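These are the structures, in structure tokens.
What follows is chain A paired twice: with chain B in the first complex and chain C in the second.
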Partner chain A sequence: MTRLSDPGEHGGSVVANGNAAALTGALRPARLRARTRRRLTGLTMVAPMLVIVLAFLGWPLIWTLVLSLTNMTVTGPTATHYQFIGLANYRELFASGSGLVQSILLSLYYLGASAYIGQALFGFVLAYLMLRCTTTVRKVVGSIIIVCWLVPEIIAAWMWFAMLSNGGTLQQGLHAVGIPYQTWLVSHPMISVSVANSWRGVAFSFLLFSAALSDVPAELIDAAQVDGANAWQRLRSVIIPLLATTILVDFVLITLGTLNDFTLIFAMTGGGPGTSSNVLSVFMYQQAFVTFRLAYGTASAVVLLAIGAVFSFIYIRTLRRQGALNFAR
Partner chain B sequence: MSSQPVVGKLPSAAMSVIGVIFLVPFVWLVVAAFQQHGSLELAGGGGFTLSHFINLFHGGGSFLEGGGSFLASFGNSLYLAVGTTVLTTVICVLAAYPLSRFGSRTQEYFVYVLVFLTGLPIIAIMIPTYDYFVTLDIINSKFWTVCFMTATALPFATWIARSFIDAVPRELEEAAWMDGMTRAGSLAHVVVPMIVPGICVVAVFTFVNAWSDFFVPYILLQGSNNPASVTMYSFFGQYNIDYSAVAAFAIVYSLPPVVLYLVVTRWVGQGFALRGALKG
Partner chain C sequence: MKHRHLASLGCLVVVAATVLVGCGSPAASKSPHSSKTLTVMYWTEFDTPGTNATPDLVKSAAAELASQHPGVKVVLEPVTTDSESTYYAKIDLAQRSAATAPDVVMEDSFLIGSDASAGFIQPVPQLASWSGWKHFPTAMQGIATYDGKIYGVMNSTDVQLAYYNTALFKKAGLPVPWQPHSFADIVAASKALSEHDPGIVPTWLYTGTPLGEASSFRGFEVFLDGTHDRLYNDKTHKWEISGPGFTATWNFLAAMRPYEEPVSDWSNPNASATVDLNLMPASKVGIVFDGSWVSTAYVPHSLKPWPAFFTTFDEARMTTDGMGGYTNQSGGFAWSLSTHAANPSLGVDLIEDMSSASNIASFNATDGNLPPRSDAVDEPAWVQVNKLDPVLTFASKQLVYTNYRPNQAAYPQVSNEIAALTGDISSGSMTAAQAEQAYEAKVTQIVGARNVEAMSS
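On to the complex of A and B.
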């Protein structure tokens, strides 16, 4: 590895800066050398990351765009001798009957039900209630919620799959409280996966909101109380505006997380029955690896990427405004 | 602090009920694992036994398809998770240092790109990655899968590591340089010791994600290279399944992330871990 050191530069320049001679032209080449050296040092240190990210993220990203313009398949003659077919994949995707529109709608359902209601809203309610709980409840229930989040996704999928299967504990339990006997994964696949995803993911929003809520200055709430604001008014006019950035960050992050979610639905329903829980990520997988149309599946991946890119962009802007990306410290 | 929200009986009771509801799937899992013949139902699985756990470590899993044993799939998970964690942690600290210290316009854009990559859905690039791995003939290789998983972990890890390095005062390093230390020396002996908690957060986060990852190994690995997540997937929708054995497997597989998280948050504090993981 290249030498990472530049002892002359900093050790030296700190001393030299106190000296008037440092400002004369005579030292300029030395300083220039120092800067070049510093850049080289920086580049050397960033290099391993750059190489690995470019090779394993950058190239696949470009390859995604390229592949989506071809007719490549997993097997058959077009597996190796594929051709560029322009935007034909996209035309087919956006034509009616392709299933893409249904998948986008199902993804939106999944986002709304499991991310926005089941995680963000529910997580906020949990965090709000938790501040009013005894220490024991806070510790025990808080840990339970977090453990749900830490368990590998495939295990969460397995537990919910078993509970909701024919003869499963939850199926029996729900029947016992008067809900018609049914195999939930078949009769209501989207509700099943949304409940499972809320159960699993609510901890993230809960933790985020808990931290933000405990940062709300007590004086502000006191003042509002003195002015006669009731609990709802305090929440709406004092707490929520203070949490605006946290709420936005939470929404963006859980949106990205939910769009990127594949395992839970794939394992629990496989997108079925039929295509009734075929969200975008599962749709993409099936086009590429079940019907073996690699390029066509990639085109739907580009749609997913585009949506992800928009939210990533919003995320950067939020962080920038918040000052989290500040450089001059 | 005068008006911390009043602790009430009603919220406590409500949260307790919610806690119990959240616990239901675990109750089923644990009961099934310790029953002799666990099933989808809680009752009637026979008496208490540890045999399913013992079997896991005695070449058990005879019903496992593809000939792999339970132990082998845990070994593969460990390889993927440890490999990814070590590579990611070392590379991200190295890269984060100049990004934190040599502030320039280029570096600023670099960080934007990192954050942007953090948000991109990785699943979307799995199909071309599969094609790419087949073309290069590195498919079904644990090593190259680790490289890919490292690449997916690095943007986020580097971004967090940078914010931890930002918090180390420059004066400390300058003092070390005055004493004749090199930049590599000050990174190793001044900066790194001060960001150990931060490095642990990065490492645990990376480990938990890699350990739990299903889709990447599902696409890039097969047969005897499959980690526990993919083995677990093979149990879905099977008939005549030994629920107790699978439940024991699931519990053992779930323990490392849970234990690691609890240990690290106890040590560095949950707020710290969270801040590291969210805002940088």
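On to the complex of A and C.
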């Protein structure tokens, strides 16, 4: 290790000698030296990025953790003169009646319904079916799906609000044909926001899977077909294993996006009625900026962060086991 | 392997963290406070009528200030948000640092105590000797006072009214003009409306968390003001959590449940548009308890011009619960001086200029609120707008009965609990007795057992 940390001096002496015997003797250190230099070069090149990451991501993260241990508020006596109160915010969060557990469950519901089913599964089905469609159908349907994705989130939220609310498009349409409609935003707020988020986000998974599906070699499918595999078996045993990495990458991105989603739910239901769509991100906002308990809201943000980290950890492990994600090699 | 693993996990955690952390520190790009420049921070809503009222007011006062103090510059710092609560959070975050704090700030009156105790705004005792101060009624002075010190001057205010549809009232056999004198009178009128026309919303009461402050203010507190109880006792410095008035108010809300708007109407953040722009113009609602600004949406060149409003709806005063007389509750905005103000006396001069009778009259004539200054009602601008909108004249007369919210740091949290409980009653998930108990427990939890007391009758 000492040799590694002192490469310049050692290398200098080797070159100065210019001696064949010495060169042979220094072969191992020379290789080490080269590797060290490579690492140093690499480190120098990523250093600016590292500084940026530490300054703009690392510090806010640390500050968030610190803040969550205080009683800081947006206004009131503890806004500027706040104290460290240890884990009191977390104790209050995890005590019964705080609403945190309900919010976590709602966030997981939202993740399951709108990300896994509405975006990943539905996106995959769409991409798979589109393989069989004519170019015209593919172009038209593909464009429509992508337009949903291009619509800014707040506009999508308002559109769905106008669609599902009392006196909204759906109610008036159904009434016109004599079907009674109970306002979905009130009777099924979680289904409403999940449908809206699926509608908005399916394009991303769809595009990812379309690209991956077009890379599946036709010979493999043909071979499986020759071996007597039916359509379901070809999908299950040939296509899905080949797409495993894509699926996991999709999961990583949509999981974080969905867990952190705030705009859509806040604009459509405000977390209500009551607290029936109060997912963790809305809970966090309400604590920090509606009841003005900044530190308490920050503590709930840390909980949200921890949940995101657990999911990321599982995905990364799985990806590693598959031999994908080797960027650190 | 292990290291790489950790590194990639680290990267992901950091990426996730930034997404979650969200709020960064404000950019300190502003010039430092100078003794010749005043910055004024105020709220503007997204493009709605009256949006220019505040900048016009500041500019008009700035011109007057420049004539008194040559060379003084006033810089406008509008904060545009969709909701008031976002504005509160933004100005409070800005006032944490001298680099981002303005010199003069527009404060929602119910946060004056809270922001004063945070050290964001400073006391301005010199206002007591200002010639204009005596024109502000006691309630309007008190609303801007915290801990015995003056923290600003009210610029606009409001009262609450019971708007009722005269045609629906006549149809239901109810007297017109109508003026309730107790909670029971309101329930009885609502019941009559409901029986004669099942297709309408008999009475609109703000309720539930999506409407937040409106639900606790107009759906609970203004009724509690009609009893002997109050949220906060200024003499003992304790929060009242129960008493006969609380019981009467919770019971009143429970009694109104069959006659108020359905859950689907109140359980979204756009409910006030539902009642003001849909139900009222369609004559689908009998009584509406709302702020004094409602009619300003119907005058010519407004959001929804509707001249027939002034013949369709009439207004009743907010009643006490059988105690005789009337009550009310007011909010509104005030101008305050930031703790970071470089030249406090210049800041006070600007506040005084903005609070002149004519400036306050012009501002409220455009903005649709009520002038908190009694001599402003004779100003030409205010007289003019009252011809278009006679509701404002009636509303101004209610200011003598008015109350205001506790100037306490815990108020936003208490208010949030009240909003939630009104929603629990309206959705049927709580009875009046359960809400009463839950309120006692929640407020005790928020402010601590030492800071609460029960009202005796």
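The rule is short, and it goes like this: the second predicted complex is superposed on the first by the 242 of 329 C-alpha atoms of A that agree within 3 Å, B and C clash if a C-alpha of one lies under 4 Å from a C-alpha of the other, contacts with A are read in each partner's own complex, and residues count from 1 in each chain.
Here is the rule we go by: a contact is a pair of C-beta atoms (placed from the backbone, for glycine too) under 8 Å apart; a residue touches a chain by one contact, two chains touch by 3 or more.
Computed from a prediction, not measured in an experiment: that's the story for all the values here.
By the touch criterion defined above, A:Gly42 lies against chain B but remains apart from chain C after alignment on the C-alpha atoms of chain A.
Of the two partner chains, chain B and chain C are each touched by A:Gly167.
By the touch criterion defined above, A:Leu207 reaches chain B but does not reach chain C. Contact with both chain B and chain C is seen for A:Leu256 once the two complexes are overlaid on the shared chain. Judged by the touch definition given at the top, the superposed model places A:Thr183 against chain C, while chain B stays out of reach. In the superposition on chain A, A:Leu131 contacts chain B only, with no contact to chain C. In the overlay built on the shared chain, the residue A:Phe56 is in contact with chain B and with chain C. In the superposition on chain A, A:Ala223 makes contact with neither chain B nor chain C. By the touch criterion defined above, A:Ile117 reaches neither chain B nor chain C. Put simply, more of the residues of chain A are touched by B, taking chain B and chain C as the two choices. In the superposition on chain A, the residues of chain A contacted by chain B and by chain C overlap at 53, 56-57, 60-61, 63-64, 161, 165, 167, 252, 256, 260, 267-268, 289, 301, 304-305, 308-309, 312-313, 316, 325, 327-329. Taken in their complex, chain C has these residues touching chain A: 4-5, 7-9, 12-22, 24, 85-86, 88-89, 92-93, 96, 111, 114-115, 117-120, 208-210, 212, 262-265, 267-270, 274, 278, 409-410, 412-413, 416, 420, 423-424, 427, 429.
The part of chain B that touches chain A in the complex is made up of residues 1-8, 11-12, 14-16, 18-19, 22-26, 28-29, 39-42, 87, 91-92, 94-95, 97-99, 102-103, 107-108, 110-112, 115-132, 147-148, 150-152, 154-155, 158, 163, 166, 174, 177-178, 180-185, 187, 208, 211-212, 214-215, 219, 228-229, 232-233, 235-236, 243, 246, 250, 253-254, 257-258, 261-262, 270-271, 274-275, 278-280. Chain A contributes residues 53, 56-58, 60-61, 63-64, 73-77, 79-81, 161, 165-167, 183, 185-186, 252, 256, 260, 267-275, 289-293, 301, 304-305, 308-309, 312-313, 316, 320, 325, 327-329 to its touches with chain C in the complex. Considering their complex, residues 3-7, 10-11, 14, 38-39, 41-43, 45-46, 48-50, 52-53, 55-57, 59-61, 63-64, 66-67, 72, 126, 129-134, 137-138, 140-141, 143-148, 150-163, 165, 167-170, 172-173, 199, 207-208, 211, 218, 221-222, 225, 249, 252-253, 256, 259-260, 262-263, 267-268, 281, 284-285, 288-289, 294, 297-298, 301-302, 304-305, 308-309, 311-313, 315-316, 319, 322, 324-325, 327-329 of chain A touch chain B.
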